[in-house]
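Shared chain: subunit A. Partners: subunit B in the first complex, subunit C in the second.
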Partner chain A sequence: MNNKIKEFTRRHSLEIGLIVITILVWIVFIITSPRTFLSPKIYRTFMSTVPFVGLLALGLTFVLAIGEIDLSFPSTMAVGGMCFGLAFAATNSIVLGILAAMAGGFVVGLINGILVTKVGMPSIVATLGMMFFLRGFVTLSTDGSAISLRALGDHMLYPVFSGTFLTIPMQTVWFLFLSVFLGFILYRHQFGDNVLFVGDNSHTADLMGISVSKTKIAVFIIMGMLAALSGTMDVFRLRTWWPTQGQGYFMTAFATVFVGGTSMKGGQGTVFGTFVAAFLIGSLEAGIVAAGLAGFWTQLIYGLIIVVSVSIHTNLRRLGIT
Partner chain B sequence: MLRKISFVMVLALLLSLAVTGPIMAQDEPLEIYFFPGGPEGGPFATIVYNGAEHANEILGDRVEVRYRWSDWSPERMVTQFQEAVAANPDGIAIMGHPGDDALEPHIDEAREQGIIVTSQNTTLPRMEERYVAEGFGYAGQDLYDSGYMLGEAAVERAGLGEGNRALVWGLLSQPTRGQRTQGAKDAVEAAGIEVDYMEISSEVDADASAGIPVISGYLAENPDTDLVITDHGALTSTLDVYLETAGMEPGEVFGAGFDLSPATLDAIESGYVQLVHDQQPFLQGFLPIFQIYISANYQFSGLHIDTGSGLVHEDNVELLAPLIDEGIR
Partner chain C sequence: MTLKANNLQKEVIIISLVEMKNIKKKFGSVTALRGVNLEVGENEVVGLLGDNGAGKSTLIKILSGVMPPTEGEIYIHGKKIYPGEYSVNKARELGIETVYQEKALGEKQPIWRNIFIGRHITNRFGFIDVDKVKQESQKIMREIMGLTGEGASPESRVSTLSGGERQGIAIGRAMYFDADLVILDEPTMALSLKEVDKVLKFIQKIKDSGKSCVYISHNITNVYPVSDRFVSLDRGEKVGEYLKDECSLEELNEALILATERKIG
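Right after this comes the complex of A and B.
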């Protein structure tokens, strides 16, 4: 029994370490600002604001696990939000809006995947180009104007993405559901094995009969659809779509994935780590401000926590503990 | 003149209340969440922050101000506003960039909790009307009017009319904030001038130096441009670099824009920038803190104060130079 516990601890030390860091950070926040952090309200707020970055980070977890990178996701988020906004404004149908957004995310992911696997562009270059292209595309398509969707709040299906379920904000319900589903895919499904295998050594994976191209394209499609879904859910929250949508999430999403424990080198990815890190990263700024650190301290502390967390992961890996 | 007198009276009222405040002061300091708008250290946001800090210093231990830096991202502002509401402070001073629709449910929630909300820099007309009696004020420019004022004055001072060409580089895509760009564009077009409009991209919005190749390319293609208006503080402060890089001599193109900073002062002195609209961001930080303080303590309703009524040019810039260096103007 002891051996099983030891083995479990050894295998999951990265996730356990992350939970410990998160709890420690929150304890510090509770000590420094008890009025805010002993109230359930702040946690409910995090549950309604964190999932937007969380969904992007879930997609990035898969992309990094397969040994690639995607820089276009903030623009894809705007594509998803725009497709939803235009479709809803034209039809007043949430279902059609979501289908349009998912189609937009699918097409962007497919193009990214084709550019990387068929055209042979490095993913950092292909997705960098797509990031600019898509931002220009949404700005041109809407003549640079925002889309006001005030009527969305009165729609009967509005609570599906912006209401609550047993007092839990629906944003977190969706984030949790998709995390469990994608965790199952990554750890328990053949596709997940292929992703990790390709990420670890694509040449060997190819020799083993795994279709590297198809797997990579599928991962970029997952990323695209998750970004589009995040954009759609963000539109539900804001009841407005801006051409600048997603730009504030770029660095936060990357920080979430790296703090969660997913490596840039490929072949490794942790959906659980990403889920926990999303809430850790998402709560940092509010905690630092509530602690009363005035003025210009926020980014300094924010950066420090990220560097310390990732240093711990890196050393755990180097020592072969995870 | 009337506007100046009323502004002085409001300021005198605020300061006298601050002085007499301790008599009625509450035991616990008022906790206020304040949104300077931009990134930490951003030129405009820092002046707003300086104003809020100055009010904080005057009020001493009667208030405790906490800052949320939003990088001018409307989404971040909404998220940070939600978090501020969850922290249940006594007051929140928000920038209105996300617009009424995006902020409405959260402002309603804040009011239900008894949090005083006020606004600065960009208006939230519906929210202000709904909660004005409960301390919801506004300290900032009237956006469209400010834009129109600058556009009209630029045309007049540059002596332009039909047959001339102008570039307006702004932020029409942002729902409320874009009104200032629209005002400037309308004023220039009303003078019969051909106007080319360019949207400020997010990269340029975040880092003005990223705009050098954009405007260089435009001016190379359109060497007959007579007037350039930049609707962005950081871009206005970089206008001299833009024009110099594009091979222009000082005064060859009439440069106009918004918001003062030490760099903008240099640009005016170097002759590349001829006209700047000053919305007095210091007051957009200073006044909301007092708004929340007097509403919490004396139940005053919201004050709508237009801070943007000044035009700065080579004839009056010397007067303001020391204050610009101090980060007050």
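Right after this comes the complex of A and C.
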């Protein structure tokens, strides 16, 4: 029994370390601003704002696990939001709007995947190009103006992405559901196994009959669709779509994945870590401001958290513990 | 009349497990294979010999579906293989398992994932039965690889294993899936004498169980005792073929040197 606990801690030391960091940060916040952090209101706010970055980070976890990178997701988010906005404005149907957004994310992912696997571009270059291209595309498509979706709030299905379930904001319900589902896919499904091997050693995957291209394309599609979903949920919150949507999420999404414990090197990724880190990173700014520190402390502390946690992860991995 | 009948009869009886005819392979401007024939009979161990770059690995990668030949025909169990329909997975379906020279392992993954890579035991939705897979892995490690208790568990990552243990996983996995033909590409490279012995015993086991094997190695001393027939490649061409019954280790050694020298001369 004792051995089992030891084995468990050894295998999950990365996740446990992250939880410890999160709790420490949380305690600091409670001490520095007890009024804010002892009332439930702030947690409800976190639960309705963190999932936007969380969904992006979830997709990014798969992309990094397969040994690639995606820089285009903030723009993909805007594509998803725009597709939803245009479809909803035209049909007044939330279902069609979501389908349009998903289709948009799917196509973006497919193009990214094809550029990387069939054309053979490094993903950092392909998705950098796509990032600019898509931003230009959504801006031109809408003449650079916002889409106002006032009617959205009156729609019967509006609470799907915006209401609460047992007092938990729907954003977090979706984020939790998708994290659990994608966690099972990554660790317990043949597809996730293929992702890990392609990221670990694509030559091995190839020799053992795993289609490297198909798996990579599928991962870029997952990323694209999650970004589009995040964009859609964001539109629900603001009831307006802006051509600049997603631009603030780039750094925080990356910070989340790295702090969560997923490495850049491929073959490894932690959905659980990403989930926890999303809330850690997502609460920093509020905590810093509530503590009475000026806003520019935020960046310094972000940087500190990233460097400290990633160096812990790296050393745990080097010791072969995780 | 009688002769013809005899010939006919012979053709009926000898259907090779694998027949590769006039296989050519080009990588851009590099020609790796220049029309090689390779046959593997039922319950036969073929030693495939040749220098670095002779084309041995390329030949067996074509056979195991990793890459198509530029030209040439392949028959497995007497049936013609069409390149468009052939793949690693198809080759496995037809009973060909390969231990690649590169080992083909995922360093950061645990042993159980490496053994069942690409073909886990899953339910119909594709979710892995992890308990079952780990159990089977444990069995493979114990019974095939001879790894006992201490040290490696199915959860151990490949990066923590020794060279011999890694080779053991590559071989154990090929053996578990019960193939008609096991291809071993340099399975003894960088192994200790004791571990080499294990590999040779494994090949003997394949032979005893009525299966076939292609054994690639530079080390003739290792290949000789376990093989029935030897095929020697040199710069993409077959330069010799010898039956063990017809030549001793010394004669084989001599013949191989001669065959290569003739080509140079």
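Some notes on this structure:
FYI, the second predicted complex is superposed on the first by the 321 of 322 C-alpha atoms of A that agree within 3 Å, B and C clash if a C-alpha of one lies under 4 Å from a C-alpha of the other, contacts with A are read in each partner's own complex, and residues count from 1 in each chain.
Following the convention adopted for this analysis, a contact is a pair of C-beta atoms (placed from the backbone, for glycine too) under 8 Å apart; a residue touches a chain by one contact, two chains touch by 3 or more.
Everything quoted here is computed from the prediction, not taken from an experiment.
Look at A:His203: by the touch rule set out above, it reaches subunit C but stays clear of subunit B.
Legend: residue contacts after superposition of the two complexes on their common chain; A:Thr139 is shown touching subunit B, with no touch to subunit C.
In the superposition on chain A, A:Lys6 makes contact with neither subunit B nor subunit C.
In the superposition on chain A, A:Glu285 makes contact with subunit B only, while subunit C stays out of contact range. Of the two partner chains, subunit C is the only one touched by A:Phe184; subunit B is not. In the superposition on chain A, no contact is made by A:Lys118 with either subunit B or subunit C. Across the superposed pair, subunit B and subunit C touch subunit A at no common residue.
Looking at the complex, you find that subunit B touches subunit A at residues 33, 40-41, 49, 53, 64-69, 71, 73-76, 78-80, 82-83, 85-88, 98-99, 101-102, 104-105, 172-175, 199, 201-202.
Of all residues in subunit C, those touching subunit A in their complex are 65-66, 87-89, 92, 98, 100, 102, 104-109, 113, 117-120, 122, 126-128, 130, 155, 157, 159-160.
Touching subunit C in their complex are the following residues of subunit A: 11, 184, 188-191, 193-194, 196-197, 200-201, 203-210, 267-268, 320. Partner subunit B is touched in their complex by these residues of subunit A: 33, 35-36, 39, 41-42, 44-46, 48-49, 135, 139, 142, 144-146, 148-150, 153, 234, 237-240, 242-249, 285-286, 289-290, 292, 294-296, 298-299.
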